[in-house]
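In the two complexes below, subunit A is the common chain; its partner is subunit B in one and subunit C in the other.
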Partner chain A sequence: MKKFYITQRHKDVGFALLLILPTVLVLLRIFVYPIYQSAVWSFFHYNLMDGSPVQFIGWQNYKDVLTSVAFWLATQRTVYFTVLTVLFELVLGFFSALLLNQHFRGRTFFRAIIIIPWALLTLVNGLLWDWIYQPGFGLFTVLLHGLHILSPQQNPVWLANSSSIMNFVSVADIWKMTPFMTLILLAGMQAIPEELYEAVAIDGAGFWNKLIHVTIPQLMPSILVAIVLRIMGAFRVYDILTVFTGDPQTSITYLTFNYAFRYFYLGKASAMAWISTIFILILIVIYIRVLKKNLDQA
Partner chain B sequence: MKRHSVVAAGIVGLFLVSGCGGAPPTTSGGGNSDSNGQNAEGSSNGLSWSGTSDPSLKGQTITVLWTDTNGIRGKLLKQFTKDTGIKVKEIGVDYNSVYNKVTTAAMARSSDIDVVEMDTIWAGQYYKGNIAVDLTHVIPKDVQDKFTPSSLSAASYDGHLMGIPWFSSSKHLFWNKELFKEAGLDPNRPPKTYDEFLKDSKIIQSKLGGKGIYASGWSWKQAESLTCDYVGFLGAYGGAFFDKNNKPIFDTGGGLQGLKEMVTLMKSGTVDPASLQWDEQDVANAFMAGKIAMMSNWEEGDNLNDPKQSKIAGKWAVGLLPGEGQVTSAACTGSEGLAIMKTSKHKEAALAFLKWIAGDEYQTMEYKQEGQYPSVQALYTKLSSSDKSGLLLKFDEQFKYGVNRPNAPGYVQWSDIISARLHDALLGQGTPEYNLKVAANEVQSQEALSSSQ
Partner chain C sequence: MAVSAVRKRLFEPRPSELVPKFWLWLGLMLLLIFTLAPFVYLFTSSISITPDLLSGKLLPHHPTLSNYVNLLTGQGSANYIAAMRNSVEVAACTTVLSMIFGILAAYAFARVRFPFRMSMLFGILAMQILPSISILVPLYIMMRNGVSITIPFTHITWQTGSLLDSVWSLVIAYTTFSLPFVIWLLAGYFQTISKDLEEAAFVDGCGRWRAMFRVILPLSVPGIAATAIFTLLNAWDEYVIANAFTQTYASKTLPIAIAEFVGKHGMDWGLMTAGGFVGSLPPVIIAMFLYRYIVNGLTAGGIKG
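The block that comes next holds the complex of A and B.
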């Protein structure tokens, strides 16, 4: 039998474990445990406010959520919002990063001010755009009247309809979050070695060829990170919508929040949260696999 | 692989050691209770109205959670401590945060908060959700009789008094006298029925529409503010939300008539179309800018007369919202109460605080300092002699015609369902009949779902 000696290394590891133990315990209690608890709650009828008894009901909450019209409508609108905003933010962010990567006077100034929209609180951004979209005196209407796109008699109520609200919220989100994309992609671009550009320039590549054969492939890891982060962010859209409308069916998070903290159907809300979490996890796994495959091939 | 299993086993072990099964508690809500949520009788909670002057309460500290964003009440609270020896810790938040904080405290069974604000629509949840102490048998009948009927009913759910009436509030009709004059209408004669309202609106629109002015503006954004206005219309046409068996009936009779009138107004071109994305504050802003001739709103006063904010200072008046037929007037109630948390460890001291809040001294101070209208009926006559604006008696008149929103536990969700359908009808997406029918069915199935499980 092999004899066991407590070496210095064992002592170090033991001490290290002892040091991280408090953090681990706190994280388990305030982060991991609530996730686990919500999974358990999702199998219970647990309405906090109506005095009904708490009872185990198996998969019933999941069945209720998956057959509810409101859930699918909210999902559809959330997916629409996510695809639209992430796509525009990626394209716009890419080109602004490209621009800010060039040498020109005042570059540092522009690099600094571009983060202002991103630094705004989402709610403040919502209030700002809510003001812009006001009928009559709102900037958007005034602009369209000034450009004679709308006749003076026309005075549309932009935020009246929940489906069209998604487009207006998307514009507000694109304005706010494009700088985030820009910053991540700009950091990526700065890491691309100059020699690669010099090499393709010798081969006679122009602007677009450089972009397609050097910048984009080299930037792929940054693009991947930016897209995944933004998908997760966009999918959770909530606070800006509360400024624009009282309709909870405009996003899954809004609907889940209402079920949990306005109606207090805690079991059903937990089920809803788990369904959307699983949904987004699947999306991300697929996405990373596809892009990893592309990268391996490249 | 082996290492992973060890980690997983460790996590499971930690949960077990800490006794965290994760299953919800067997009864819902905050305090200890029987299976129906509340104790059978309010009197069994050991509180006594006459026990609030017990010297043993001196030195206790109670925590009060309510809407107070400018910290104006601090001085008033010092007076309470001086009078009773009970210290008060105030948590002043914005209105939208109150409900979340109350329910979070109830879920955590925390005894940190003793007294909480209770909007009229939360009374049912405070009762069924076992959040607040039932005060029906604690506050003597003769004390209850001193409150305005609207503020008392707003603090009650299903015969249970869940808090002390704190202040009175309802919607009122405000009109711009200048614009009435310009349109050739009598500035001292507002419309008394919705028929007259429509007729006057058309006159105003034809005379002043060219200047970008609308006859009326409403808080018809898809939100609680829309449900509130609908409640006024429903009441004006003699409607009701539910029948005696709790079956929704707002899709027939007065409820249907009310929505039809709202749609008629919207289609007549006299309502500012922006109303569909406005809340009450937006409406008040448009009124102060002189852009709308009439509005329905909560107690406004000082800001309408502040020339820095308002272009119509001194040019407006307020009166009763229209009624129809037998109904003189109807307006949605917004009165609120203060309740005692079931988890509180200082209930008797909290009751002393409630008693003080409902006293003439505090009610008068709050009216004078904050413009909050008293819940005590007798104060209206007493204070009216010093009220130069004359608003006190005018507002009081409307309180007599207050209509409560149904404040059963499911109300918050019903209101979301109803406001969505009202909004569709106002947008012209489906008839009032169709939209209310759908809303009534959804409300009924929701109710059936929560009561059957």
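The block that comes next holds the complex of A and C.
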């Protein structure tokens, strides 16, 4: 009996290896190896285009990046964008999910409709809001003129300044990504048993009491996952900015991309990518802890 | 009496619900307006003539399809259509490859016990956190020099030529970046399927392979569909990697083509919004009709409350 157990187990291990081998090979070659390579290059002077020799320069790239004004400006704007969008998306997404979790006629229709912004191409979202913010004849200006918030003589160029651009970009991102938040929170809300609400309703709990005593505590794992996923997404903002502005100092990804593929400073770009990656790595700890909890429950 | 009954119906929710009818419908109407207004504006702009747009008319006074005709047959239409074809190729190949690799690996992680299972799974999940920009530079050089993958302990090597400016560079990069996410969602889904069914299949004399294909996979169709939709939409939307790897319309995808629109057509907002609308139509239609799978996939894939 014992012998059978061992052979079956060995068979299982062989089977599992066979199944994960293609994935592991691909990930090692095209994901893990480049991670290692970019770590190595971040310590080298490696400019592809100017013909200068490749040489080891220690921490110089990191020093250059950490002392550059552009990097800190981009970081500051990226963090501002991330906090602003995730906060608004969480609140709006939460209340949208609350509405869509109720029973009412046409629920399927509403649930399908709210997905539209999320499914739109990010680039098209940028194009659309760029059009909305056009001075003179874009929707935003026309509406403000129509509502007499702006007098007809006033015609501001909304996207003129890189700092205030972050607010306008945030609005576009909030419009597009709130549905994603809604979907995750809705999935979580559907798992909350109705009896819990009925139980507190007997005690006379109203809207806010139900929210604070049932919905939010029950939804906490979903909220955490949604926040972490959105922070990771928002921190990488790039697509919309390329439409709104030519200024690479508006986000870390934009700045790194420009160092790498406009000037081909591969060493410095690698160092910058690593610094911003470490920001993200701090989030891994939180993320894995949440995931582990979820996996253990499954 | 009647008034207070109406009032009760409108403002007092059922015990199991949170929001009273009145606020529910008010909220839903606001949600509908804010969700749809920008999207409708995109469409109405695309069927307007330029003078209407430049005089700030929000609704088309002379509805026209000329922007669409111009987009698909006019000057520059060859580029747009080429980009559309590239996007379809990249998204389809990425989805198929990610699903084949992902299903096999996720099944092993979810269903078979083997050494280092959990550490490997968490290692793969951790990759999801890394932004693509952090390995874009080495990937670019790798694509320029051609990719080679060797199967360990053998001399079987798979070597390609330079992949820059070919859709395959995008397929390889997107598949790699999708795999951690695909495995995470699918492993979560496979775990929700009862072990008894599989064991019953073993008793009936099924091997591991047959049990996987005959029992687990058919039951996992909703999870597999959700994962495939996510992979497809991500591949369709991706811009950073495509911007780095593509150089001509042999490989440029739709997001790149649309970004170039903004530079090239300056003030022709009718044409640009038409291009944006057409490019967004496939993912919007897929998401709207398959939203049930998306929600279910999210519920099952470990993101549960």
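What we mean here is this: the second predicted complex is superposed on the first by the 271 of 298 C-alpha atoms of A that agree within 3 Å, B and C clash if a C-alpha of one lies under 4 Å from a C-alpha of the other, contacts with A are read in each partner's own complex, and residues count from 1 in each chain.
The criterion applied here is as follows: contacts are C-beta pairs under 8 Å (C-beta built on N, C-alpha and C of every residue); 3 or more make two chains touch, one makes a residue touch a chain.
Here the structure is a predicted model, which is why all the values come from computation and not from measurement.
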Fit or clash between subunit C and subunit B when superposed on subunit A: clash
First (subunit B), second (subunit C), both or neither touched by A:L17: second
Contacts of A:P135 with subunit B and subunit C, given as first, second, both or neither: first
Partner chain in contact with A:V157 - subunit B first, subunit C second, else both or neither: first
Greater subunit A contact set [subunit C / subunit B]: C
Subunit B versus subunit C as contact partner of A:P248, first or second or both or neither: first
First, second, both or neither for A:F261, with subunit B first and subunit C second: both
Which superposed partner A:D50 touches (first subunit B, second subunit C, both, neither): first
Common ground on subunit A, meaning residues reached by subunit C in one complex and by subunit B in the other: 25, 29, 32-33, 37, 41, 134, 136, 261, 266
Residues of subunit C that touch subunit A when the two form their complex: 13, 15-20, 24-25, 27-28, 31-32, 34-36, 38-39, 41-42, 45, 53-56, 58, 101-102, 104-105, 107-109, 112-115, 117, 120, 122, 124-127, 129-142, 147, 149, 151, 172-173, 175-177, 179-180, 183-184, 188, 191-192, 208, 233, 236-237, 239-240, 243-244, 254-255, 258-259, 261-262, 269, 272-273, 276-277, 279-280, 283-284, 286-289, 291, 294-295, 298-299, 302-305
In the complex with subunit B, residue positions of subunit A that touch it: 25, 28-29, 32-33, 36-37, 39-41, 44-55, 57, 133-136, 155-162, 245-249, 258, 261-264, 266-267
Subunit B residues within the subunit A interface of the complex: 11, 14-15, 18, 20-29, 35-38, 99-100, 103, 106-107, 125, 128-130, 212, 221-224, 226, 272-274, 276-277, 291, 409-410, 412-413, 416, 419-420, 423, 427, 450-451, 453
Footprint of subunit C on subunit A - complex, ascending: 9, 11-13, 15-17, 19-20, 22-27, 29-35, 37-38, 41, 95-96, 98-99, 102-104, 110-124, 127-132, 134, 136-137, 139, 141-142, 145, 175, 179, 183-184, 186-192, 194-195, 197-198, 201-202, 207, 210-211, 215, 218-219, 221-222, 225-226, 232, 235-236, 238-239, 242-243, 252-253, 256-257, 260-261, 266, 269-270, 273-274, 276-277, 280-281, 283-284, 287-288, 291-292, 294-295, 297-298
